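Chain naming follows the written order as A, B and C, and within any one chain the residues start at number 1.
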């Protein structure tokens, strides 16, 4: 049952139609989570006794930092699936995730630096986590650059997937190397990123924001996937039918559901 | 059956040996090019005192990092040579279509590349360390870090080259792909030299470097082989 | 001419290469769609077509170098993707780029080819005689003419033990005599149970060989 669902979802036309139905719902839930999280974080939660109101940036910073790592892992896993089973959709998930992941990484860096200004008095400190985050951004940019440099998009997707896999093996090594380097060069500084015992009224909005960000990622990746599918399959009958006339959309949906679905086949 | 497997293994070893020898011969016949990355290494290091000033203390404290960053850049610049000419004359296709595991052949090519570009760095580095005023005690450690670290650079770099070998302008992208992956080696190697200059023990750093080398030896040939297949498709 | 290998002898089980429903799309153009064929031992497949009709793409897919957009290539009934090196040990490919190292001598080039595959068939001396390069053993390949380099690439087929030859325009830059020589070699190869797939602008004159043709245009 599950395998059958998986197999069907891996077929681009079927995926295109289904994801189109999901998108509005996901958007509503995502918006609700983020609004609730923002309200809880900016209004409900008490100010920090040391940092005052400036701590509230964690409601953007921490979920972005979580997302940056999460998306890299998703990218590598999707890339691995795409390479091993030749599922084109998985490769597309990998390459569509890269720019989103890079944006979250960038957001985490910017918010970290904004937070650092009142804390440290400078915009940038070679703090272990910030440095790892910066290197993670480089890894993302490498994947994006490689994908952009190869003309044949199928080949580009597979090359980017390999790079993502190599990167995911290296991330822990890089992370611990940088942490170790940081403790050596700076001495044991008390960083604000240490896990403090966080109060429950601060934690709940944080988790809501994290859920909202995850959904936002899902929505963004679905939308990128849909346009990527249309672009790659522009020669196939179902895309011509879809783009040719919107009012025949229902017909296409029916035809797609009837037709045999094979994830490995392009339909020219 | 066992005998067949045994024969096969021996012939793969034979292929490894032949490919290594072939690449060394090819490099020898173009020996003028071998000196280039080495010259680059020397020039980059001479730029530093000119740029930051020749205060002995400053230079000495910067020496480990400067030497290692220069080694990183020199290794990266010479990486393209691993697969480029084979790609252009079609030899790479023949390697991929051989009866032997491509990862073993990749390893042979990386080994040849390291012998030609990495090993000379070991010889020149102590001289440059003298220029930068690094204490003599740290010299040995510097050579050991280069011995352990530069093969890792070649191995990891091979993945990057394999991914970009089909591109007309792969050079800059290659640096973007490869340099972030070099960071752990840079951290531990330069730190080991730094510590040795201060007379502190460095076994931890050296064993980390050795672990990186073992890991890279075991893992890097696979993605490099897969990347070559993709680049040639 | 003696065959030292046991692989391609007539009494061994037959080898065959199949293309099932192969599809190839390059830059929005469908080069071929639903291509099917099957050739077995002692057969030659000549692929014809205009420039840009996908001959080289097809050959690379048959080698397992290129990616098809649908369908499968099978060797003796098994997908070549699954066979991997088990397929490549039977295969020799001469492509657009001949895979000859310019800075190596003729002899070193052939030694390398033998190390990458199993040595078999002819000795290097015999092979050089067949392709008319006798006496050039110690000449570096960059000193050879284009036609001679092509012959050297073909000599590689003779010194290694492969029963499937895939050749992309093997006669490019070769003189009439060379073409005739090589046509004879193809005939001998198929007579001993080998398979040959090639593209060529020349008409193929192989006496006694069973030549099939596919036109891609």
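Note that in this section contacts are C-beta pairs under 8 Å (C-beta built on N, C-alpha and C of every residue); 3 or more make two chains touch, one makes a residue touch a chain.
Computed from a predicted model, the values in this text were never measured in an experiment.
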**Prompt:** By C-alpha centroids, what is the most central chain here?
**Reply:** B
**Prompt:** Once you count every C-beta pair in contact for both, which comes out on top, A-C or B-C?
**Reply:** B-C
**Request:** Round to the nearest whole Å and give the separation of the Cα centres of chain A and chain B.
**Result:** 33
**Item:** Averaged-CA centre spacing for the pair chain C and chain A, given as whole angstrom
**Value:** 46
**Message:** Can you compute the centre-to-centre distance for chain B and chain C, using the mean CA position of each chain? Integer Å is fine.
**Reply:** 36
**Message:** Where in chain B do residues touch two or more of the other chains?
**Reply:** 233
**Two or more partner chains touched - positions in chain C** = 67
**Request:** Mark out which residues of chain A touch at least two other chains, giving numbers and ranges.
**Result:** 155
**Asked** What residues on chain A touch chain C, complex-wise?
**Response** 154-155, 234-235, 264-266, 268
**Item:** chain B partner contacts - residues on chain C that touch it in the complex
**Value:** 60, 63-67, 85, 88-89, 91-93, 95-104, 108, 111-113, 115-118
**Asked** In their shared complex, at which residues does chain C touch chain A?
**Response** 23, 25, 28, 30, 33, 67, 69-70
**chain B to chain A touching residues, read off their complex** = 159, 163-164, 166-167, 169-170, 173, 176-177, 179-181, 183-184, 187-188, 191, 212, 219, 223, 226-227, 230-231, 233
**Residues of chain B defined as touching chain C within the complex** = 11, 14-15, 17-19, 22, 25-26, 29-30, 88-91, 93-101, 105, 229, 232-233
